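Here the structure is laid out as structure tokens; the discussion comes afterwards.
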Amino acid sequence: MKFRRLPVRQLASGDQLSIPVYDFKGSKPGAPSVYLQSAMHGSEVQGSLVLALLIEHLQKHPPLGNVRIVANANPLGLNEKVGEYTAGRFDLSTGENFNRRYFLPTEGFDWAKFQKHFFGAPEEKIFAAFRKELKKRIAARAQQQAPYADRLAVRLQLLSIDYNFCLDLHCANRSVRHLYTPAYAKDDAAYFGIPFQLLVPNKFGGAMDEVFFSPWWTLAEKLGTSIPVQSFTLEFGDHEIASMVEAKKDLAGVLHYLAHKGVTKGKPKAGHPVNCELASYHVVHAPVGGITHWVAPLGKRVKKDALLARILVFRERPPRGEEHLVHRAPEFIGHEEL
Amino acid sequence: MKFRRLPVRQLASGDQLSIPVYDFKGSKPGAPSVYLQSAMHGSEVQGSLVLALLIEHLQKHPPLGNVRIVANANPLGLNEKVGEYTAGRFDLSTGENFNRRYFLPTEGFDWAKFQKHFFGAPEEKIFAAFRKELKKRIAARAQQQAPYADRLAVRLQLLSIDYNFCLDLHCANRSVRHLYTPAYAKDDAAYFGIPFQLLVPNKFGGAMDEVFFSPWWTLAEKLGTSIPVQSFTLEFGDHEIASMVEAKKDLAGVLHYLAHKGVTKGKPKAGHPVNCELASYHVVHAPVGGITHWVAPLGKRVKKDALLARILVFRERPPRGEEHLVHRAPEFIGHEEL
Amino acid sequence: MKFRRLPVRQLASGDQLSIPVYDFKGSKPGAPSVYLQSAMHGSEVQGSLVLALLIEHLQKHPPLGNVRIVANANPLGLNEKVGEYTAGRFDLSTGENFNRRYFLPTEGFDWAKFQKHFFGAPEEKIFAAFRKELKKRIAARAQQQAPYADRLAVRLQLLSIDYNFCLDLHCANRSVRHLYTPAYAKDDAAYFGIPFQLLVPNKFGGAMDEVFFSPWWTLAEKLGTSIPVQSFTLEFGDHEIASMVEAKKDLAGVLHYLAHKGVTKGKPKAGHPVNCELASYHVVHAPVGGITHWVAPLGKRVKKDALLARILVFRERPPRGEEHLVHRAPEFIGHEEL
Amino acid sequence: MKFRRLPVRQLASGDQLSIPVYDFKGSKPGAPSVYLQSAMHGSEVQGSLVLALLIEHLQKHPPLGNVRIVANANPLGLNEKVGEYTAGRFDLSTGENFNRRYFLPTEGFDWAKFQKHFFGAPEEKIFAAFRKELKKRIAARAQQQAPYADRLAVRLQLLSIDYNFCLDLHCANRSVRHLYTPAYAKDDAAYFGIPFQLLVPNKFGGAMDEVFFSPWWTLAEKLGTSIPVQSFTLEFGDHEIASMVEAKKDLAGVLHYLAHKGVTKGKPKAGHPVNCELASYHVVHAPVGGITHWVAPLGKRVKKDALLARILVFRERPPRGEEHLVHRAPEFIGHEEL
């Protein structure tokens, strides 16, 4: 195992922020490789705990393919504190969400020319040429002056571009475990053992998983190739919570996927996740401010028209009042005025 | 029940922040009275949920003594957001902790003169004169220009000064339920049914409970009277968590105390809390930054020398390494370098 | 003059945030109308001072056309404080820039159908139908649940949609006075007397000025009509600075433009601004953190290759050292290590 | 000149924050020594610019006495950003003001015993013993686990304890140049050429200047010795402003003081500052929120009863209205409602 810390920002104080990079060389030539990173939003500590366990595991059980691990991928986000809170979702200087700043290297790509040039070529030749082109563009971008979030993103793209699979470990504020998977990889993703899967189409919104798979998915659409990469955003529960008990379970799922894909040894076992198209994923906005008190249980089905939450506002009227508080789920949160 | 919203701050936008005040008139003349407030630090939402249930309860079961309830005592703190976090522990403009700005009305008080004047007088006469004096001083302070935290504090002191008991409902970041009680009131406090009690001496550090009991405790010390007031800071678990299930239990404890003290009807039942002198309460500081992973279970006894927590830092060495990580509790947190 | 405060957000504390709206009815039927707003980013106080003077002016000198003024358009932004700083550029909850959340009402618009339907129709008929359609779409959007920044933006769009001109008053952090003008309106914009003009093409990036002119500019492109609206982002110097002396000058420029366009009486006078295509506007990113000490004078021409700024970092080497610090403007900031 | 970076905090990311320390050895044995630091509140960049120039100066003109310089004394404060603002006045985790956390080493000191022991001893012997005792206590404190602000403060105390003079370079938000001087040193302080001096009594409020002089002042009071140290808080104008033109003037003042005290060579020249007892220093609190528009000129005398500022709030009434806005300075800010 090879360890480095790569500097990613020189602070005003003259000190350096850096990211730790662990490289495990695979024992089996030609075996598929994986890149993993955690905590791009700083507060997503569970993913880093899982990676600590994975590093420990791989030291005892060397992988077949190459494995690169970047734990705590975003030192600025991790260090951003307000009170005891880690305010690492966005850059406090700019408001930019750290997972929306990746650079799509196929912007302005001449697909027609590429298609013509490689017509009838074998896949491995096409893939090698395409990866080389992506890498060249990412490297050029990395030379440009840019805000921290953009520079960090492109650095992580350079670190991951040579790998077959990319696992980006996140957490959500309060949430059940779920993941974002490109729709084409949903059967493989079942090996993670995560109960809920959001199926993502070939669309780029600036996130790591998208920027990793989207160029190759587009290539497949344009040239009729297979898709040689997979990438996922894994949401390992509530942010700011580091649970060793859960981390062992989370790691087990990651290892099932890696064994299934041939990166590590082992007998993989698939789960039976609930799949949901991203288009069917709804965000519910509170109609008023107040103290939100959830009624619907997290991670369970709710009936249409069921009340999801009450919002407590202190007014004269008694609390938990009239039945007009019950609204149609999932479009509205019911709220009450006390 | 009488309801008002008292304005406490005019914002730069011209809008008003206000606090909701609920007044229940007691049915039994001369019965003891209670003042309750919640969420002085904004994020302490559980206390506000408990007060919502208490309001509902008192509407069905009118109290014997007067009850005043100020839910969400600090609108600025409640509205201060960074990410989804409520950054209400201190004023983001000034850094001032909202529960350290109360005004001690006995500052510069001429105890000798007061003692001489009331020598041999009956307690009720002394108490009435003393309360009048406190009130006059608080009212004078309320006229002065001051930062928001100071002005709010003195407003809340004016609202509570006429009551016998003061319950200030808080939460801590992640914590078991516990309370701060003036040492002289620890047997009464057992009725709250809260498992851990911190016994506070007669010292003023700027907090609501202290400012409420300290003048009267000092009076007792100087003139040999009894102490006619009690006040407590109740810590209802983790901040940012509103749990209806827990709120019902929390309310039950509050009602046991109130029944025990004669403010409400009911058959009070005392608990068996663990008592701890404030001087024996230790804060443990992390020696380095990192991802803290608690080993010691929250709310349970730990052995001397036991490891309390691990701090994960990504370095080359393997995780969960040498046994030098085990330190003497409670003075150090063990930490490891990965 | 008619005055209202429109509620735009109910805070967690139950209090309301609102925006002040001043309506002046024009004395001359059919005269062009103007909508003005200020401080969308909270800290842009100079614009609000200018609007205060404008309100005063219009009370003495009633306008020919209708004038609507929304001073402090964003109460949340204005009230967001960290230290003495007004952190109103983005929503501290979400990171969203308040001037990037406007809703483009022509999204999915069937231009071909509209074109066919109004072929050969007189402009005023086309304009009336188009404005009606825009208004309908904005009103529908305003009904949807959405985060505060989005809801506020659409409310301001509804307030402004009936006006001919839109002046959105901003400030930049530290800056000379400049403005963003749609390229087609640059000669009219010269009446503001602002020395620097950025010429904006028909592109929508989420800002108020763009959302106001872009649908009409596209209409002109599609149907060959004239463009009946104009909108500008005026940058009135440094944010957080309210200068009465400068406000009077800023107001004079606004009044020259309004007189020129027939909204108010007066003898308009045009200035001679420097025009710059938006594509030629460069943002310079600091290559390292440090204390930036500007060398290039603000608002003055700098030569190609001139040093723009030094960045002071405390290292062993002496300050203001070697000449390698001189870089090609405007692509790099020179920096030195002390 | 000797240069070091001392680590003062290990961040969660594993990176180190450090402070740069420059040591110049004096050419004249026994000459008085000086310790300087800047930017304890992060945003006070002007002081750091002055120190950069001082380092440059001392390299060309070596001092007679020892000089220690800690530029950017607080890396956490310097790196704390919200928007483009440096939020370094207090620790965003705790709200603690970075210049209120110094440790008074004479707390619990047995003055009577010390006095008895050194009765009749020569001053240099007393001073040496007293400094040794202070140092021992500070070093012991530095071993304790504590929050960052406390640990940093005690580190800076250790770095400065051996020096005769301490210059702590600060800035205020918007301000004229002024300084805090212990009352006994006001004639020497006049050499700084700073127009306004606040005369501080022997009271400890947690700041650097106080913790440096207070033990020695108390020693003088108890034992009748002279006071061998001086320390000052110099306020070099607005924070967040780095002006080279002003820095040269600021440096000139510092050098006049140092030459006057024999730390450097040169012909010192004293200024004629306005002196003001700290007790006569008034802070004015805004009675309402709004856009403050200063009427009283900064740094100039205002008459009793003069209006200091207007606070603009958008209400229906016309701006700059009735004369009841004029209040007695300095107790109130007038405010108006528009």
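Order of writing sets the chain letters: A, B, C and D. Residues in each chain are counted from 1.
Keep this in mind: a residue touches a chain if its C-beta (ideal position, glycine included) is under 8 Å from a C-beta of that chain, and two chains touch if they have at least 3 such contacts.
Small disclaimer: the values here were computed from a predicted structure and weren't measured.
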item	value
Intersection of contact partners for chain C and chain D	A, B
Most remote chain, CA-based centroid, reference being chain C	B
Comparison of A-B and A-C (more C-beta pairs in contact)	A-B
Centroid distance [mean C-alpha coordinates] between chain C and chain B, Å	47
Length of the line joining the C-alpha centres of chain A and chain C, rounded to whole Å	36
Where chain A and chain B are represented by their mean Cα positions, the distance between them in whole Å	41
Residues of chain B engaged with two or more neighbouring chains	11-14, 20, 72, 79, 82-84, 89-90, 289, 291, 314-315
Residues of chain D defined as touching chain A within the complex	5, 11-20, 72, 75, 78-79, 81-84, 86, 92-93
Contact footprint of chain B on chain D as seen in their complex	9-14, 89-91, 94-97, 145-147, 284-285, 287-291, 313-315, 331-332
Complex contacts: residues of chain A adjacent to chain B	3, 20, 45, 48-49, 52-53, 55-56, 59, 71-72, 79, 82-85, 87, 89-90, 173, 242, 244, 289, 291-293, 312, 314-316, 318-320, 338
